[in-house]
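What follows is chain A paired twice: with chain B in the first complex and chain C in the second.
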Partner chain A sequence: MSEIALRNVCKQFDSEHYGVKDFNLDIHDKEFVIFVGPSGCGKSTTLRIIAGLEEITDGELWIDGELSNYLEPKERGMSMVFQNYALYPNMTVYGNMAYALKIRKLPKDEIDRKVHEVAKILEIEQLLDRRPAALSGGQKQRVAIGSAIIRKPKVFLMDEPLSNLDAKLRAQMRVELVKLHKQLDTTIIYVTHDQTEAMTLGTKIVVMKDGLIQQVGAPQSIYDNPVNLFVAGFLGSPSMNFFRCTVKAEENNRTALLLDDAKTVKKVYLDGTRGKQIADRYNGRHVILGIRPEDIYELDEAKKLGIENDSVDVDEPVVNREMLGAEVILYFDEQGKTLAVRLSPENQTQVGEKVSLYFDMEKAHVFDPETEENIFVP
Partner chain B sequence: MGNNSKSKITPYLYLVPCMLIFGIFLFYPFLKTIYLSLYKTNKMGQAKLYVGLGNYKELLQSASFINSLKVTLIFVLIVVVGGMLFGLIAAVLCNKAFPGIRVFSTSYALPMAIASSSAAMIFQIMLHPAVGIVNKLTGLDINWLNDPNTALICVAILTAWLNSGINFLYFSAGLGNIDETIYERASVDGASSVQQFFSLTLPGLSPIMFYTLVVNIIQAFQSFGQIKILTEGGPNESTNVIVYSIYRDAFFNYRFGSAAAQSVILFVIIMIITLIMFRIEKKGVNY
Partner chain C sequence: MSQIENMAVPTVGNMSKEELLELKKAMNAKALARRRTKTALRVTANVVFAVLILLPLLYAISIALMPSSELFTTELNLFPKNPTFSNFINAFRTVPLLRFILNSFIMAGCITIGQIITCSLAAFAFSFLEFKGKGILFMVVMATMMVPGEATIISNYLTVSGWGMLDTYQVLIVPYLTSAMGIFLFRQFYMTFPISLYESAKLDGCGNLKFIVKILLPLTKSAIGAMAVYTFINAWNMYMWPLLVTGSNNMRTVQIGISMLDSVDSQSITLMIAGVVMIIIPSISIFIIGQKQLIRGMFSGAVKG
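Coming up: the complex of A and B.
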């Protein structure tokens, strides 16, 4: 049982620099919470505040209903996996894993049983006699996780534990971590700058930027309904495409969005209540249209979806084509930026060809250019 | 062919300056010492009468020399343990960031920059039985440097303090090499600072600790200046360490043969201790 609550938590490094600003969050028992954001956004600082490694300048940290601002790290009942693993270089793998238990003066045979039990789960039994210097990155990482889970902490903190691994191992460890979360049945707070990790691992994602929380929610809900330009652009790979547009209310309750700086007229329509909402507030003004690469189609598929009217003729031909096996990504230059389109692998469009693209406007987002907020998300 | 023989000689030519200096100041005196230790000499230090191992036999039967050995061992023990402890404690204290840390760091490293003779002069005044600050502060009335019970300890503590400066530097460098995050992990794991010191800091320092130990032992055996100034081997030979005894035999008593034999014995002692320590290091310090 572990409930963590952060109330207006601030971390100030000096009079002008904030690591974390006015941070409010409730973490419930057995959640897998991900702090995600670009480097320097305060995600690691927040994790270290929860661990007790960083003092809180202002605000309150509650652990299980107890004000814990001034609790020593060892009194918080948490364990942590560090980015560089922080293995004790003078101890063997066995010694590393047993350290936290030895300090608690557990009987030797019990320590021995637990170490072997955890080593078995993580498949590192054959490494128990080695020292960290003789381990590979992936093995070190397993030992670090093993040392953390061995004493069944209330909360499990992880600071970018996969960032030093190669892509294949990382994908493998992601699966293992999800499995581990189910097995351990405990709260995990996980810091990463990698949006794929955030999307695949978390039950709750906290997107951060410049020390401020941007959005909190389930991965799918944040992906589908990003509250602002930053969140929309940060989650998803390739990231969402943005276009500056001018709103024009037309007949039949249709609202047109005209792409700015276009050589020819490029127009897409928003219908129904969404269209009306935009037309009422922004008619004649600029907005930013956001559409994900997978919500843009070529003619054949657009016909199937019945969206063949929302076409945009791109000015420039395809500049790059990435064949990823299960999908093809085409890149165009539009409004001086790269426009990415994700298509099915059967698509044969080659570099240098010009095509018409069809936007699935049901899935499009519209952002206010000044506040950068998503107009459709309250 | 000329080219070939030239390229064979060239490497040796590069070694000449170094070998010349070593030869004049190290190898020649060393061999000469061994040579002299087998002779009785005249007052000019010239070998006159071959006595074989006679000088050594005499030394090992002399109560004064046995006392010298004992005094030296006690002295080395106090100096090495004290000097390393001072340095280690200071380095650990200065490993935390707080305002004014540089002032402390500099003062802990300062003994390194003080000549042993000037430090000895300062100690002489501090330990003066009538006007010295030590007696004034403690309210005691001890003639520190003239009492056979305290003289050796005083000289040894002074030497330990002098050596602590360089030890502080070594240990500071060693502490800087220990990864900060293992302490963070240890504190989350639940280790107290004392537990962290013994399970992480000390093992982390072990490679540099070994090096420092070897250097300190050798240095301690060779201490001379402060003894010459403070006690001149007295009172009652209580501070007559081997190096001072060598100096006295050679330059007061003009018994160069005996002094040379003592030098050789000192060399053998230091060599054996160093070899033993390197042997132990191969087993002990490893990660």
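Coming up: the complex of A and C.
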């Protein structure tokens, strides 16, 4: 049982620089919480605050209903996996895993039993006599996780644990971490800058920027309903496409969004309540239209979806084509930025060719250019 | 061999297989000759320089084995004609050399152990702990290296004599229980460890002292070795301070004891040299035992740090 609550937590490095600002979050028992954001956004600092490795300048940290601002790291019942593994180089794998238990003066046979039990779960039994220097990156990672789980802590903290591994191993470890979370049935707080890790691992994502929480929610919900431009652009690869547009209320209850700086007239329509909402507040004003690469189609697909009326002719030819096997991604220059479109691999459009693209406006997002907030997400 | 010969040897230009083999042999012979000449030259140069550098030491050993009548002649006697151990025996008879050696061992040993303890603790604080004024404090500690010992020796003497500590082991040991050089050496080593190692230990429930003893010290064996050799030899060779603060034979160290072998009434150079030869044996043996550690310690800290 572990409930963690952060209330108005601030970490100030000097008079001007904040690591974390006014951070409010509830972490419930058995959640897999991911702190995600670009480097310098304060995600690691927050994790270190929870671990007790960083002092809180202002605010409160509650662990299981107890104010824990000044609790020593060892008294918090947490264990942490570091990016560089932090294994003791002078000890064997066995020694590393047993160390925390030895400090707690557990009987030798119990330590031995636990080490073997954890080594079996992580499939590192054959490495127990080796020293960290004789292990590969993936093996070191497993040992680090082993050293963390052996104490059966209330909460696991993981600070970018996979970033030193190669792409294949990372994917494999992702799957294993999810498995481990189910097996251990405890809370995990995980820091990453990799949005794929965030989306695949977490039950709850905390998107951060400049020390502030941008959005908290389930991965799918954040992906589908980003609250602002930053979150919309940060999650998803390739990231969401943005266009500067002018709103124009037309007859038949339709709202047109005219793409600025377009060489030919390009407009898309928002219908229904969403269209009306925009027309009421922004008629004649600028907005930012956001649409994900997978919500843009070519004619055949658009016809199937019945969205062939929302055409955007791209002036510029395809500048790059990435064939990824299961999908093909086309890149265009539009409004001086790169526009990415994810299509089925059957698409044969080559570099240099021009195409008409159709936006699925049901899935489009509209952002206020000043506040950068998503107009449709309250 | 036959397999190799049967293999198709690619030829360059219109050279036949045999010609190519001949060429290879000739080239190999030349390269071998060149390499041998180089090695011979290098060894000769090393031997010549080693003899030149060791000459004073070897000559001292030779003098220690000479009767004094052989030394005070107009001839150049490099080697003793009638080697004798009487100088060594007389040296022990003239002054309590064994007591001096014991005193020096106690002093140098305590200083070495003391410095390893204090320097590793200070270096730990300077590299792993965060506190206000850490940078400035470290600079102040480093700055003490620039103050020559002679500048403070009188004030130190006045202090310890005021405390009534003269002519004791404490007075020989206590002023040298820490050193800026040692703190610097250990700190450079500790800086090569990631801070996460310390944080991980903290989360494991390991206190600062336990972290130093169980994790840091085993990892810095070479630094400790270097530090021990360096400190021990320095302490063993101290002259000015022990001369100033010790008065009785019970507390004298060997370096002072040796000068006591020189008497105004007799020409006792051979006696003194025999004493010198005896007292350099401990420091040379410490150096020989610890030289690998010393070199590794001195350099790995410098390169990594």
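Throughout what follows, the second predicted complex is superposed on the first by the 378 of 378 C-alpha atoms of A that agree within 3 Å, B and C clash if a C-alpha of one lies under 4 Å from a C-alpha of the other, contacts with A are read in each partner's own complex, and residues count from 1 in each chain.
Assume a contact is a pair of C-beta atoms (placed from the backbone, for glycine too) under 8 Å apart; a residue touches a chain by one contact, two chains touch by 3 or more.
Keep in mind that this is a model prediction, so the values were computed, not measured.
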- Looking at the combined model built on chain A, do chain B and chain C fit side by side or clash? clash
- Task: Mind working out whether A:131 is in touch with chain B, chain C, both or neither, as first, second, both or neither?
- Result: first
- Where does A:100 make contact in the superposed view: on chain B (first), on chain C (second), on both, or on neither? both
- Query: Counting only touches as set out at the top, which of chain B and chain C does A:80 meet: first, second, both, neither?
  - Reply: both
- Looking at chain A, which of its residues have contacts with both chain B and chain C? 51-53, 73-74, 78-80, 82, 84, 86, 88-90, 99-100, 103-104, 147
- Item | Of chain A, residues touching chain C in the complex | 51-53, 73-74, 78-80, 82-84, 86, 88-90, 99-100, 103-104, 147, 151
- Item | In the complex, chain A residues that touch chain B | 51-53, 72-74, 76, 78-80, 82, 84, 86-91, 99-100, 103-104, 131, 133, 147, 157
- Task: Using the touch rule from the top, collect the residues of chain B that touch chain A in their complex.
- Result: 179, 181-182, 184-192, 195, 199-200, 203-204, 206, 287
- Message: Can you tell me which positions in chain C touch chain A when the two form their complex?
- Response: 194, 196-197, 199-206, 210, 215, 218-219
